[in-house]
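Just below is one structure, and these are the notes that go with it.
Note that the chains are named A, B, C, D, E and F in the order they appear, and that numbering of residues resets to 1 at the start of each chain.
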Amino acid sequence: MGFTAVDYGTMVMLLILIAASLAMYFIKDLLHAVIVYGAYSLIMALVWLQMNTPDIAITEAAAGIAMTVLMMVVISRTSRKED
Amino acid sequence: MRILLDKLLVNYPYFAAMILFIIGAFTVMTRSNLFKKLIGINIMESAIFLMFIAAGNIRGGAVPILDEANPQAVYINPLPSALMLTGIVVSVSVTAFALALIIRLYQSYGTTDARRIAELRKR
Amino acid sequence: MKLGTLAMLLIFLLAAYVVLVAVAELPPYGMVGNPSHNQVSQRYIENAWEETGVLNMITAIVLDYRAYDTMFETIVLFTAVLAVIITLKTTEREGGGK
Amino acid sequence: MRDFILKRVAALLLPFIQMYGLYVILHGHVSPGGSFAGGIVVGLAFIAFTTIYGLERGRAKVPEKVTTLVESYGTLWYGIMGMVGIFKGAPFLANKIAGIDLGELGALSSGGLIGLIGLGVGIRVASTMITLFSTMMEEES
Amino acid sequence: MTTTIEAHLPVFVVIMPLFVAFILPTFARRIRLVEGLVTATTVLGFLGAGYLASLVLIRNGNPISYSLGGWPAPWGIQLSVGDLSCLFLLMVASVSLPVALFAADNMTHEVGGPQRATRFYVLYLLLGGAMAGMAVTSDLFNVFVLVEVATLSCCGLVSSSNQPRAAEAAFNYLILATLGSALILGGIGFLYMITGHLNMGFASQELNRVWQDYPHVVWMALSFLLVGFGVKSALFPLHVWLPDAHSAAPSPASAILSGLAVKGYAICLIKVLFNVFGIALIRDLSMHRILTLLGMIAIIAGSLFALTQDKLKRRLAFSTVAQVGYIFLGLGLANSMSLTGTLFHMASHAVIKSGLFLAAGAIIAATGKDRISEMAGVGKKMPITMAVFTICSVSLVGIPLFSGFIGKWNLLLGSLEAGNRLAQAVIILGSVLCAGYLFPIIRVAYFEPAPAADWQDPGLPQKTALILLAAWVMILGAVPGPFLELAKRAALDLLVVK
Amino acid sequence: MTDLVLALLSGAVGGILIGLMPRAGNRLRNIVALVFSAAGTIFSWRVAGAVFAGHTIRISGEIAGLAWSLQPDPLGAIFGLIVSTLWLFAGVYSFGYMAGEHKQRTYYTYFLLAFSVTLGVAFSGNLLALYLFYELLTFVTYPLVIHERSSEAMKAGAKYIVYSLSGAGAILIAIIVVYSWTGNLDFAGGPLLAAGGLRPGLGWVLALFVAGFGVKAAIMPLHRWLPAAMCAPTPVSALLHAVAVVYSGVYGILRVVYSVFGHELMGQLHLSDILPWVASFTILVGVIIATQQDVLKRRLAYHTVSQLSYILLGAFTLHPWGLAGAICHMISYSTLKVTLFFAAGVIAKRTGKVRVSEMSGVGWQLPRTMAAFGVASLGMIGMLPLNTFWSKYYLMRGSVAKGKWQLALVLITSGLINAFCFIPTVVAAFAGERGQLSLEKGSETSLMLAPMLLLAGIALLIGLWPGLVWPGVEAVVDWFF
């Protein structure tokens, strides 16, 4: 099936994505979860860069940051712990 | 089973996308914290975007920006990417609105836990 | 609560299996001959620059071929902003700026 | 002291971030990126300004009235660009068919209405980000 | 000028409410002007829809196509105005006009200030535009985007009510609806991956050619779409968001949500099921059986839940769940009669449910009581409101001469044609249960002694709106003419094997 | 045609008129009610006269692509005659009975509306119109059932609505099936299904029809709403629950048997062997339960359940004599039963006694009432000078002619039990001491007494001179056979 180096790189990043999503499920501290979410969207942007779509990668990076910022704002205004 | 796994390996981006989708849906359904639900929604949507973009990709293809220096380039399918641009905007909008609702709920109930809110409302 | 989560987990694992069976059947990833690389995408790739005058095919699709979708995309954003404002600004200041 | 450094650095950096955002918006049709990503970047620059200098000064830079107007008329701008097609006897949102000069390929002004639409959307998205941020930051009014 | 308008009418009916929505925030201070603009828009929309319908009727069912941006079908987005679209457009227009009238007077009061009321109207018009867009579009991804506009504006309408309860309902609605949209997008993605088309017609051709290569994928796409649209249109086990959302929203919003929004998603589902998959494929996958079963469960369960509610608006909301069951039942029976019945029932239920919710809103606003057991004497003090409520209830139960009967009659004929005895029994049982949950309200309102209180019918605009809806119910029941004709033709169109 | 429209409209117009004058005095209201019921009666007599003279009166139209029509045939005309005549009597009786009661405006409004709707049932010329009026009848009579507004009345009303609507649902399914087979619902062109001959599913359709109309006709397992509904005022019980409403069910079954299926097709169905036995079961069990009841109105109610099945029995024999008996019984029974109810109402109103066991001696205080009651009781047994003798005679003759002599036995047995049901009451009423019972107000008022005595007289008259009604009965039988 001849995977190339790009494929292996993408696979590793996809695995990281899955790990990050599981982490977001388990982390109790919401701020940490949101930070992981920021990392998640950044890696997602990298995956898309690998898939030859820089437009979407840029947009996703920007949107991911924006959403992370907004979530942090909201967490700062509400409670940080999950109960 | 082996054939299934082989095919899944070939289609690994779809495979990962669906796993992410399921994890996202699971987060939405089982976590009672509103933020966690929101994050789950975002994971689900980005998983779908991943699937679309992978569908448009060609391994070893070229970025869909016309490069006059390289007339032989095999460009990837630009349509799914264009669609996902819209999708990302939609997910940003939904997130923003959900965050606003979370603030509102926190102001009223003093918690961001769906179950506690339901209890407080019944009282 | 724990039991409910476990039951949910089982359901989702089942769903995951079903979805993966379907996914395994999809056209192989990243091949040139896939159904989605058909005359539709070919036209975008070959003619976008002369039909719309831009080099970036994605922009050509977003803002010209499928500009109607993009109009609704901006409307989605507009709707979200309105919904946020209507949710958070619960009282109106008399005479204050909007 | 910390604040001071932050403010100086911000004063240096933020204009460039905004320039970058505008660049992304304007060059959406020749290079990767686009109006939406650029708009978010411009908006994020304002958000950074607001976080560093405080909500009051942020509001003073971009008053609520302006964002409201940009919100609605930015969206309307898209529709007006679409109506150009109808006025020229072509379908809604037509570009080349409506007889608009597409310009020289690869230049900033190429693409007929596409650049105009993109600029409108970019500014609009920037103002959306600002509105969202400041609405969520504001204490209960 | 007029020829220009006629040529571009399919897109004008969609963008006109949107344009008005964009300029409304500028006039937030002058609420009267805003109300006038909204009402004028709905009137214009009604005229446009009526004109389009007459065009389509004259063209004898040939759909009017409109290529946006001048790009032909598989490359650009195409609008296609056929019988189904016209039926739905007329339905949207005929409901949104009275609701706008009704909102005119007390909206400021209900949401707490003229600026909030203006935003409410903006969301209302955006929802209307999205609904009109759903009616005319024939592009899969466009459907998704429109569904998102509709979902966000629906949630915004729910949360515009100034109570914490509404915020919670809106959040649940938003999360579930977004889950639904993710599923819809996934389904569209699967379809795109195996067909390479987004235009419904082209995708359908391609799908019918290749589906045997990807049976599981087709099945998966179908179930993703069904569950996605099912969540949004409140199909029974997925309806959990609906009662809270519809009862917490301001009354005009409840009317439009229960009457129209739910139907909009159902129309999208119908388009996807019949125009993309096609009747043959649905039969091959025995999807029609699943739809029938789901519909029957929804009818019975929705009615039973409605019976146990004491809050008026919650009861009406559960009634919507039951009536959505009729729509799915008719889709599942999948013959021309049942589809006619489904489409007509959709239209009549839109009018009826709006009338019921508006009347309920007027009652709650006047009396301040939201429980059915406290409504004794309302019939005496608010005769017009209660008369409208009675007419709408009787129609929903399905008494001849009223609009509900015609839909049920066709559904029954359809179930007979499909040879489904159980479906007949369920339709009738649904009617009896419907009487069981609506008539006690009427009985309490008319036949129990009234307390000494100063309750009055609402003001003139609201009265006009209520009477308009009641008259519409009667007209649909006595001379359904173009509506039934459109429904019949649309049913035949949907069943054509492509 | 004008007569038909006027007959249908007069009740509705009168009802709405009364509903719209809230402050009117009782006297004015009574006059309006009398005028409009008299008008309805006169016009429906004229319609009936025209029908028996052989004219065709037809109004038809379409709603939503479905044809409806009004076209009385002899059966409908006879039903219309019975209904309109009795409505007039009941109206007059109401003026006496309702004086001093509460909510008279509501009462008369719906009383007159129900008149219109019942005439609509009688004159409807196709299944859709019949269904429409049948459904409307439920809603129009509901306020009359719950007139007392007590919790008992509310429960009875709920029961009534649920039973009736379920029945209407069954009918709707059956109509749909018939429509899909024939594409036509009109009665005028002979039996609807006869042309198609035997087809699978006919039995089910018949069962649905019988079950649906059987709810209002109080066939035995479906009768439970009827005794419950007896908490309504007496004129309502007398007219609606002994005649109008229940007759609309019976009339529906007659229509189904003779106009939808036709007697030939019915004869080929297995179900038509069972149906007479269902009717006989109801006859016997109903009357036996009636003898157990102590409250007079409940006793009368169960007795109604039993008597209605006489008519159905006659219809189900599918023989000309049987049908003739059924029609005769429709006429005779209605006069007698209304008399009985009126008498019960007078007793309850004047002495406050509602139980049979308390009634000893009542006869001496209310001699004329009790006399009328006695006459009617004799009629219920089927004694000769009274009209029911003739109907029972034809019923038996019909069943014997069909070779079902067991049915004749059932009729005789039920007649005997009927004797146990009423005669002891009458005897006790006169045999007891002339107690010191104090009447609430004077003696019997003439407004209540006159209709009652008149009806008893009519019953006697028909009994002595059956030729008075025979032409009508003959017309019906000729129409269907």
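Observations
Assume a residue touches a chain if its C-beta (ideal position, glycine included) is under 8 Å from a C-beta of that chain, and two chains touch if they have at least 3 such contacts.
In this text, all values refer to a predicted model and were calculated from it rather than measured experimentally.
With respect to chain C, maximal separation of chain centres occurs for F (centres as means of Cα atoms). With every chain reduced to the mean of its CA atoms, the largest distance from chain A is reached by F. Annotation: 28 Å between the Cα-based centres of chain B and chain E.
Centroids built from CA atoms put chain D at 25 Å from chain A. Mean C-alpha position of chain A lies 17 Å from that of chain C. Note on chain placement: the centre of chain A and the centre of chain E lie 37 Å apart, centres being C-alpha means.
Taken residue by residue, chain B touches two or more other chains at 10, 12-13, 19, 21, 24-26, 38, 54-59, 61, 63-65, 79-81, 83, 85-86, 88-90, 92-94, 96-97, 99-104, whereas all remaining positions touch fewer.
Touching of two or more other chains is recorded for residues 30-32, 34, 36, 68, 71-72, 75, 79, 82, 92-93, 95, 132, 135-136, 140 of chain D. Chain C contributes residues 49, 51-56, 58-60, 62-64, 67-68, 70-71, 74-75, 77-78, 80-81, 84-85, 88-91, 93, 97-98 to its touches with chain D in the complex. Residues 18-19, 21-22, 25-27, 34-41, 43-44, 64-69, 72-73, 75-76, 78-80, 82-83, 85-87, 89-92, 98 of chain C are the ones that touch chain E when the two sit in their complex.
The touching residues of chain F, when paired with chain E in their complex, are 63-66, 128, 131-132, 135-136, 139, 143, 146, 149, 154, 157-158, 161-162, 165-166, 169-170, 172-173, 176-177, 179-180.
Those residues of chain E that touch chain F in the complex are listed here as 394, 397, 399-401, 405-406, 408-409, 412-413, 416-417, 424-425, 428-429, 431-432, 435-436, 439-440, 443, 447-449, 477-480, 484. Of all residues in chain B, those touching chain C in their complex are 3-4, 7-8, 10-15, 18-19, 21-22, 25-26, 29-30, 54-59, 61, 64-66, 74-75, 77-83, 85-86, 89-90, 92-94, 96-97, 99-101, 103-104.
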